[in-house]
Amino acid sequence: MNQPALNLWIIPVLPLVGAAINGLFGRRFKNSMVSAVALLFTAASLAYAVWVALQWWGHTEPYVQSLGDWISAGGFHAPFGFYLDRLSTVMMLIVTGVGFLIHVYSVGYMAHEGGYYRFFSYLNLFMFFMLTLVLANNYLLMFVGWEGVGLASYLLIGFFFHKDSAADAGKKAFIVNRIGDFGFLLGMFLLIGMFGSLNFEAVFGPLKTYSPELHWGILTATALLLMVGATGKSAQVPLYVWLPDAMEGPTPVSALIHAATMVTAGVYMIARSSPIFSRAPHALEIVALVGAITAIFAATMGMAQTDIKRVLAYSTISQLGYMFLACGVAAYAAGIFHLMTHAFFKALLFLGAGSVIHAVGGEQDMRRMGGLRKLIPVTFWVMTVATFAIAGFPPLSGFFSKDEILWRTYLNSPVLWFIGVVTALLTSFYMFRLWFMTFFGDLRLGEVDIGEEAHKADAPVQAQHAPAAHSHGHGAEEHGHSGVHESPWIMLAPLVILAILSVVGGWVGIPAALGGSSHFEHFLAPAIQAPLTAEAGEATARLELTFAGISVAAALIGFFFAWLLYYKRPELPDRITARIHGIYLLVLHKYHIDEGYDQLFVKPLLALSTYVFWRGVDQEIIDGTVNGAASASQQLGRGLRQMQSGNIRSYAAWVAAGGAAVIVYMIWLGVGK
Amino acid sequence: MVPLSWYLVLSAVLFCLGVSAFLLKRNIITIFMSIELMLNAVNLSFVAFANQFHNLDGQVFVFFVMVVAAAEAAVGLAIIIAVFRTRETLNVDRVNLLKL
Amino acid sequence: MTAFLIAAVVKILLVVFLLLTGVAYMTWLERKVVGHIQNRWGPTRVGPFGLLQPLADGIKFILKEDMVPDSVHKGLYILAPALALTMSLISIAVIPFGENITIAGTTTPLQITGVTRPGSPITDINIGLLIILGVTSIGVYGVALAGWSSNSKYALLGSLRASAQMISYELALGLSLVGVLILAESFSLRHIVDTQSGTWFGFLPRWYIFPQFIAFFIYLMAAFAETNRIPFDLPEAETELVAGYHTEYSSMKFAMFFMAEYVNMITVGCLATLLFFGGWHGPLFGPPLLQALLPVFWFSVKIFVFMFLYIWIRGTLPRFRYDQLMAFGWKFLLPLAIANILVTGLIVALGA
Amino acid sequence: MLHQVLFIIFGLICVGGAINLLVQRHPINSALSLVVVMGALSLIYLLLGAEFVAAVQVIVYAGAVMVLFVFVIMLLNAGAEERSRGSHVALWIGGPGVVVLAGMIVYLMFRNDKHFTPVTIGSFPAQPDNTHSLADLLFKKFLLPFEITSVLILIAIMGAVVLARRES
């Protein structure tokens, strides 16, 4: 087939160059220079990505470009290859687009932080790895990107490395991800064992021809292992614990990495592996289950959080759960659709939250906010859009994608659908709770209430933004009531753009029932392979409409409760929480999951490595061996030292004797016969 | 008509005399001479084999050996002078501290 | 065969006789010339113009008491002068004086080590030059051992100087000859001389002095140093160390050193003649016998000129200081010789 | 016949010189006997048809290296060596070692003599003077080693100067 020469490799390499320049020379640059470099390369990457997408728009078959072998061991080859089909096109555009916007935003947000060049070089590095992940044409290269984004997220979470909590959060994210990556690796080994290659064509090609029964067991195992990897990266139960802590990082990072792009890598990977999953129904069920559990679980936890960013973090987890649910019911297109819309409004929410935090001078506790509606109108409006979008009000983007997922879920299993609806209700509740607490009522900034758990939530926050507050252009005292100020336009512009996107973003996928022509799904169809088993339940327009109604109703109920509890009668929550204090605390402490993990894994591991590996193996066996060898050679040396008389003639004598011995030996061997 | 082995045996005998001189002499300078003697013995076998195989490479190697011998003599004698300056003796049995 | 042996023996005796006589009269000549340079008469008493003076000296040397000081290293003390004289005499053996000469039906080349077969060109030893160099380098032992064995400070210092000087200048000497060798492409003296027959442009004799005058200059300096002659006669600098390495020697042993020195001078002269002045080549005329003898005549004339140069310089120049000597040898002559080799080689390579 | 006689004469001179080097107590005697050995060796080279090597042997070894030795002996005014018993190992280990070495090599040579063609004067080199071909080898085939050895010599000179200079 005649391919236009799209040099896909340029897309990831451009940010890499930016990262290199900033990382190597940034220290000497002025901030303006640094941001110029970062923005330039990101924008270039975005522009080129758009151009490539337009070049390849019409084609349904993937565009593969291999730059030659990277690893070639025996029969196994892993090329530096890139793979552009509709799925990766969508992801590529999301990553570059949202990434670029967030770069712009960061210019304003990070303006007063230390390590400016470091931040942007990391951010560009992340772009590079993420694009590698998205555009790779084989699992191994994908894994490179996979690990790379992990690294970038580690670096960025621990950006304020002088603060222990941040450093710990980074480490936690890294380690938890390792577990998932382990699964991913094993899955890849299985794939190599089965197909002798990791290239997508080489793996998916044969799968198309297999009959469903053909070694579905090993395929299931592979799928499950891949899913483990996905759960690690996408913060699903049980590996979600790192994401809330990841909020230690700067807000743009939370928006880009921990909301819009990186955490969705797992979903992307599952969608990319749709041929495998479609061959493994049981694995799909488990994916769906995990997704559903995560969704509701995280939603409940989100209700009780008071830290604005943590609320968003938990909502992210639960939205990711939705995407998993979608993939689990083999509605990959819906999952990706939701991924896209979520990227828009969740990035918007985070950036908005960042703008709010910026406005109130580093405060993150919602109980000290409120009434900001008047003070920062632009932020308020964009946040409003985002909130309605995520809550799933038509005709905003969130509605279409979530509704699509729910509808498909129902077709697959009503139980999961019910969980989904409840989650939707909770989602709209805690989002509006956030909305009301932040923007309505009157400003409670400064009235530090002595909620014992509040302190826990704040301690890092203050520490984190203390430098920011001090280094702000105007003195710290202005950060009182009067100090609340709208963010500069360089921060607001991306917000507005994202707001628009989160309004219209959903319209590309309006389902047929609502007079649309679920265009997005058809667009993705060639890249996705649905299960051979035809779906149960037939889709009727009326049924679909009713379900849409139900989900809207759920959103409204959530809105109503939030309005009631946090606007109409703000004293109610305390009473309620007092009533159900036990459950409340349980939720507030995130079901003690972290402590549980600590007891279950961390402590035993520590004990094991301390008493067995360190004291036992290392000190006894290894050191023992080394010391033993040392002392043995010392003894030997004592003996041999007698030869070292320092007398040349003695040495000569030894040499002569040795020579004689050699000659005798050679003659004995029969040399020169 | 002289069998080649005579030349080779002569070279071997000279070599071994050199070795024994190295072992038995106490004077550093004499020991150096015995090294030269050994080198000469080796040269002899080089030349003998060059004659044997009608190939001049052996003679070329003799030159290289000579060069090395000359360099070695120059440096070695310089070392001897340095040693003599500090230890006031040429007897190797008295120079056994592995340092000047 | 017998004829060959007889011819060889005759040649050897003749050459040695001529050489020693030459040495004897060399001394006479030197004393005369230096005398006249210094406004003296030189020897006049013994015979007309003191022509018999060398004879008288010889007798004196022989008749003098040969005393051996105590606490000398006996064997070497005796060996040294013999070694010196022998080595200087040996080197004359490879020097060709001319072409064939036929006496009483026996054709023989005018060279001790030369062999001729009827109808074939003369073959002489093909590394003659190297032999001369080797022998002269062995000659150093005579001087060194003399100084060391006679167990006297002056002698020791003299011989140390001598050996150091000889080693140093051997380098320059040998390297200065390489230029000529490159042009002649042989170590055989006879062949070298043959390549110098004929003329350039019809009038300029084809001597290597003209293309290799730098080499000749270096050779001259080195030769003076090798033979311990003024201005390089530090080993026997009377004013500093009584007579240098032969301070402790008397009568015939001293005479041996003396003769060795002059024989060396003559050898060096022969070498210069052979390498730079076209050996025995010169205009030939007259009857066959004259034709046969003229080359020898030309050869001796050239040597004589060289000897005269020696004496002349002795009468003219002062003595170097020792550091000057070494500096001159190592820092001037040696680099110059190497440069000369490089240039010559380059030109020949480009010409080829 | 003549060849054998010459070989035996010179060989005996060699061995005698070497033994003399061994037994003489005064270094200068050892040095002179070594000079004798070298001279005889050069003549043996002539028998083997390596006249250039022979000449160079005389010039370099006898004429330069050994003069250097004698020079140093005179400079340090070395006396007869003292019979100190510094190393018993040298005698009781080295002595037998040398004997065995010599015996083995000699045995090996004689055993393999049948593989060798006897040496005859004039059989090699083919052309009258092998100096040209030697030069060819040295400056074409062995050019790199030649250059390296020249560098080696240079370094040796510098090293000697540095070592022998009296610290001031």
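Each chain carries a letter (A, B, C and D) given by its place in the written order, and its residues are counted from 1.
Criterion: a residue touches a chain if its C-beta (ideal position, glycine included) is under 8 Å from a C-beta of that chain, and two chains touch if they have at least 3 such contacts.
Keep in mind it's a predicted model, so treat the numbers as computed, not measured.
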Each chain counted as touching chain B and chain C at once
D
Using C-alpha atoms only, the most centrally placed chain is B
Indicate the whole-number Å distance between the mean C-alpha point of chain A and the mean C-alpha point of chain B.
76
Using mean CA coordinates as chain centres, what's the chain C-chain D distance in Å?
29
Chain A and chain D: spacing of chain centres that average the CA atoms, whole Å:
80
Starting from the mean Cα coordinates of chain B and chain D, work out the distance between those two points in Å.
6
In chain D, residues with contacts to at least two other chains:
52, 56, 64, 68, 73, 75, 86-87, 90-91, 94, 98, 101, 105, 112
Would you give the residues of chain A that are in contact with at least 2 other chains, written as numbers and ranges?
645, 647, 649, 652-653, 656
Find every residue in chain B that makes contact with two or more other chains and list them.
19, 23-24, 26, 92-93, 96
One finds touching chains in the pairs A-B, A-D, B-D, C-D
Inside the complex, what are the residues of chain D that reach chain B?
3-4, 7, 11, 14-15, 18-19, 21-22, 27, 30-31, 34, 37-38, 41, 44-45, 47-50, 52-53, 56-57, 60-61, 64-66, 68-69, 72-73, 75-76, 78, 81-87, 90-91, 94-95, 98, 101-102, 105-106, 109-110, 112-113, 116-120, 123-126, 130, 133-134, 137-138, 141-142, 145, 149, 152-153, 155-157, 159-164, 166
Interface residues, chain D side, partner chain C - complex:
28, 32, 35, 39, 51-52, 54-56, 58-59, 62-64, 67-68, 70-71, 73-75, 128-129, 131
So, in the complex, the side of chain A touching chain D is made of residues 645, 647, 649-650, 652-654, 656-661, 663-664, 667, 672
So, in the complex, the side of chain B touching chain A is made of residues 19, 22-24, 26, 31, 92-93, 95-98
Chain B-facing residues of chain A, complex:
645-649, 652-653, 656
